[in-house]
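Below are two complexes that have subunit A in common, paired first with subunit B and then with subunit C.
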Partner chain A sequence: MTPGPIRPAFRAGIVMASLVLVAAAATGLLPDPAAAAADQGMNAATAGAPHVARGDYPTIAGMSSRTTVWALAQMHLFLAAFVLAVPLFSLATEFMGKVTDDGRYDSMAHEFMKITMAAYSFTALAGGALALALFLFYPPLMGYLLRVFRGQVLIYALLFGLESVTLYIYYYSWKALRYGNRKWVHMSIGLLLNAVGLTLMFVANGWATFMMSPAGVDTTGAITGTVWEATRNPLWNPLNLHRFLANIAYGGAIVGAYAAYMFLAEKDPARRAHYDWMGYTSNFIAILGFLPLPFAGYWLMAEIYSYSQQMGITAMGGVLAWLFIIQAVLIGTIMLAANYYLWSGLMRTDRGRKYVPYVKYVGVVIIGGFLVWVTPHTLILTPSEVQVLGGTNHKLLGPLGIMPAKNTAVNLMLVFTFLSFQMFYRSSRIPTSRFAPAGNAIIYALYIVGCLNIVGAGIYGYITPTVYKVGASVPQVVSTLVIIVGSVIIDIFRLRGAETTTIHWGRMSPRSQYALFVLPVAFTWLMGLMGYIRSSLRTYWHVYTVMRDNSAEAYIPTIGQAGNVITLITLGFMAVMVFVFWLSRLGETRQAAPEPRPPARTATETAR
Partner chain B sequence: MTERTWIVFLLALLVWAFVFYGLDRAIMEGQGLPVGADLMPR
Partner chain C sequence: MTFLKVFAFSLLSLLVFTVFANILPQVQSDPPKEETLDTGSMDMAGMIAFGERLFRGKGTCTLCHNELGRAPDMLNLDLTADFASRLADPAYAGAAKGKTGARAFEIYIRESMQDPSIYVVPGFGKKGTNDTVSPMPRVDAPPIELTEVEMNAVIAFLQDRAGVKPTVPLPSAEEAPAAEPAATAQEEDTGPLTDPVEIIDSYGCAACHDLNGSEADLGPDLRGVGTRLSREEIARAIYDPDATIAEGYEPGIMPQDFGERMRVSELNLLVDYLASLK
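Now for the complex of A and B:
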């Protein structure tokens, strides 16, 4: 065995052991308010959340505690999202390979995992550093959280260990368990790995959401419920769903960038074809995860409003509302890049040219939706501009700044992004069934009526009271899903027995590959931005309304400051990813064997 | 498109309109928001 496989496992083990030690040390050594309360004759459970003064927060070498924890938490989250998501679709791809008996899927799934392996030890290192930073800078908060979640913290550590074990077994047994029934054993290990990984994420989500919507404690923070009640707080499931989908989209985007990197670096046409196919599949996975994401985000936001109207207004009605405009710019960028890549893909098939004239119409909808989404309701204006405009709202553009317009725009963008996929799918198939023309007409009708319904429900939101405005967004989502699912089902029947034409994988412009680089950068930035919003919603509370943050940095940073920090973290993460890609390529690089030396001449030969 | 396809298209438009209307109504009522009462003056 080469030393390579051992090192990441060993490193992860060290980090995990450190985590356990830190947790144990923190519970035993740090000034524990529960212990202090017990000394005073109070039960630890009935003691409320600690009241901390500014002096209780250690300062270390003038470092900004919040920025340090922020950067480490975000970096850990980026990496964790990636390493949790990739095994999910790697397993799905492996399953596809088994079912279709196509070895290419299996090789691609293995390659997906190869990138994850390189990133795994970085994830553990970032997680360990985050835990240390939290215990160093925020000991009272960590003491309280440990008191609420008790043994769950150790279960988390055990799960992490189990994840490491299953991950390494899953990856390194790939070739040993490749065929026949052994393949099912291998996929079962993958299933276990994903089950553990998801549980790990759900546990961590419980801690993050407890800080936003505490449960299982009373208004003073005294523990009144079980660990399970604290975990299953009002925002837990919305965040679970949102992160699950976002991780898939994110993981897909990152492996897409890896495929683009390899595509551009490769000279061999067969290898380029492989990486082109991998890039297409990764983009497909990213968009598949991305399509339902706005709806999951909508649910999360609705639950935030439902839990605390004040928190909801802080998010979408105050200073943070401007970040949703930046969010719209980034999502618009993702949509445009993903669609551009799909349109470029039409050159892979000989019939793709037939669909090119339709691209401009799809482009109009995507760009139009993007412009609607970035239109703010209230503008930041000078007094003279307000005078000229007659108010802070533009009479034509102002109405585009409210949710019915945004919902309409995003739903239409999703429908037309799916249409781009459908065009590529159709471009390699010539229908032969008698049902084909009728099926096509039914799909046209579905798109027309569905889109009219989305627009109609949007207009309906303008002429009804607010509660109907919010309610009308659900039929819009359902319409989008009916269009997508309905046209896929009809197309299956329409293209039954269709003649398939060759897809020239690798026949892609280098420019199209840069669209695949845009996706992870925009996703990373977006996640950093939205993470900052989610965390800022707590304002000056460590645990919302229960434990006050009295540190010097208990304020919402300005948008400019937040933008700088998020951008630096994004750059840091992308640097790590480029290193990971480079490592993966390095692993495949083989040094040419040296030329055999000519035999040394004997003394007699030399004398001659 | 042939004449037959046009007929299918027009029929499909009607059927989909019916489907979406039914869905919209069911979803709004499912949320406790009866359609029709929404436009009444308050």
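Now for the complex of A and C:
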């Protein structure tokens, strides 16, 4: 019997499920240390978290323990986010190639993976260096975490090995498993690779979130639950979702920068067209991951508030509140850059000009939303400034500083970013369906009603108590999602059998490519910033409320100090990525074969 | 050349973000520092002042108990009436049920700090719990970890604000030294100001009011204010400025948070000083 095309994928699914089950069983069924300790007459498990004095923290060569660990952790996270995300959309792109029978998708997916391969060893290197630094600088903390998570670290190592094996097989078998049923086998390997990669991330997220919202331990830190309980702490799933989406957006942005660089460096029109298409696809992936990210962030923050109101207020209304102004600037920058790139893309199609007059209106909304988002509520002012301003809040601009205005702004920005994409998508398609006019009218109605609902719920947020103010953001999010999902579905039917016009890939200005460099720079800096915020929420605790940080660097640094560190780490990451891109290009470079040398003269010939 | 252009552009973008982070207000938050406090010689006035420092500092009470509506605004509420109404609420089933007066307030405040869900003020419960679970953490557990003496001090402060005589015991010399809240860059605790002119300078009153020759006119002229307003009216105008608006001026201009930011002793000194301007 000839195996059907689904069977390998099915088999891979079985393997993946088995893997997850084995991991879960292994973590959950590990011997209960409390019972084991009782058996052995030990009290290691029932002892609380260690109380560490300042002198217990090693100092090594005058290095700043925190900055060293911070830099290595962030570098590892940048690289890991990239190498986990790219196989995800590489597999999706490969699948597109198989379904549409378009070899270009397959080539691009392969090229995505080529970049990842070079980055993978750096990820492992940064991870190893981070682990070493943690054990060197914070041995009591690491001892305690090992006590809580026990054999899970071994499973992590096992998964890491499996990740390496599947990654190498997935990449190097690309050409061997290129066509027919073999392609499904290849994609099954890709699926396994992604399953292992995601499990790795989820395990590591369990450790990070345990430090923020410890579970499976009592108030003294003594272990009372299983490893699974410690892993499945209150912030685990919100962080899993947030990082999963952010990784996709981040990976898309990095690959987009690679494509933009190649586009600028290439002279051959066909190659430029290829890299233009790659840049467009990467930008699309980045936006696709980015659009739901604010909602995932909202869930994470809601869970933080739910776990500890104090922790939530420290983030949003306390010492870290100003950081969210920087976050707004960075996200605004990302939105503007992504939209600018999409608008520039209208020049690729002959019908694109038709949409150009609308761009300025979209621009007004995006820039207006950005300005609302960066407007702070309360300013630190001198008495004379208070006098000039007429109070600590500006009469007109002050109200724009509170959440209803911010929520309205971000939802409108997301809706109009989607509109930019939709304009480009439509510019190469002429609808022929009878449903097209009606579908168009429904989409118009969706936009108008949805935007009115977003603005209306925002206004309602001003006139209602705080509890309902937060609740008012839900209909805003729902409106945004309805507009986006509804438009996509209607357009599928509206453009069924549409006449497609040529997209002139490569017909892009060099300037537009710089938007694709802004994205990874802003994303990288933003991820560094959010990492700093997330860690700072623990304030002066290694493990919040359980194990206190008594080191000399237990304070929350100023925004400026944090910004400087984040910039240095980002520069380091950029240097690594430049090297990675160069390596991936080096693999393609072929030295020209030397000219055949003339045969050596014989002695007799020489004598003549 | 392309590489150099791209590198320079990326570097410039990074610099913009870095400079922006450096021009925003810079605040470093330090962990609480353990300090010794001479509890043996503390009188009730000192206990109340200590309680206020804890309320605004180590206790982190003002994170939620402020005008933003996350928890009852203890510094601006009429605590006398408020505590009495809570104890009379049929939903209240704590140890002070059926009791009145200062001692009942002490019991109520103490149980609120140690077991916040025993009574949740309507509208302030955790979402979805129908006001049966309080979002407030226990103050004697991490991360706040107030000691017994510190909780007594906070109770004394709140009893004082509620207009009753504190009933908590003064700490004895034998008791372990209590922890003093840390001085942070954000809220550097240099103690209450003792000179009314310093208070006026510190809170920027003369920026809007004509006071001590400032000739500012954004708020009402405070020269001779003692002839126009009583002490109570002056105090009210500071901690609840929009309650009564002077003719020709608009509400919403004067900051609403002086009641929260000022120490009790500072407010009293300032009111005394303004009342003396005749």
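Just so we're on the same page, the second predicted complex is superposed on the first by the 555 of 608 C-alpha atoms of A that agree within 3 Å, B and C clash if a C-alpha of one lies under 4 Å from a C-alpha of the other, contacts with A are read in each partner's own complex, and residues count from 1 in each chain.
We take it that contacts are C-beta pairs under 8 Å (C-beta built on N, C-alpha and C of every residue); 3 or more make two chains touch, one makes a residue touch a chain.
For clarity, every value in this text was computed on a predicted model and none was experimentally measured.
Judged by the number of subunit A residues each one touches, C leads among subunit B and subunit C.
Look at A:S107: by the touch rule set out above, it reaches neither subunit B nor subunit C. Of the two partner chains, neither subunit B nor subunit C is touched by A:T224. Of the two partner chains placed around the shared chain by superposition, subunit B is the only one that A:P475 touches, whereas subunit C remains out of contact.
When the two complexes are superposed on chain A, the residues of subunit A that touch both subunit B and subunit C are 465, 467. Those residues of subunit A whose C-beta lies close enough to touch subunit C in the complex are 219, 261, 264-265, 305-306, 308-310, 313-314, 317-319, 322, 325-326, 329-330, 333, 380, 382-384, 386-387, 390-392, 395, 465-467, 514, 517-518, 521-522, 525, 539-541, 544-546, 548-549, 554-564, 566-567, 570-571, 574, 578. Within the complex formed with subunit A, the subunit B residues making contact are 1-2, 4-6, 8-9, 12-13, 15-17, 19-20, 23-24, 27-28, 31, 33, 38-39, 42. Looking at the complex, you find that subunit C touches subunit A at residues 2-3, 5-7, 9-11, 13-15, 17-18, 20-22, 24-32, 60, 63-64, 68-70, 123, 126-127, 135-137, 141-144, 186, 204, 206-208, 216, 218, 252-255. Taken in their complex, subunit A has these residues touching subunit B: 437-438, 440-442, 444-446, 448-450, 453, 457, 463-465, 467-468, 471-472, 474-475, 478-479, 482.
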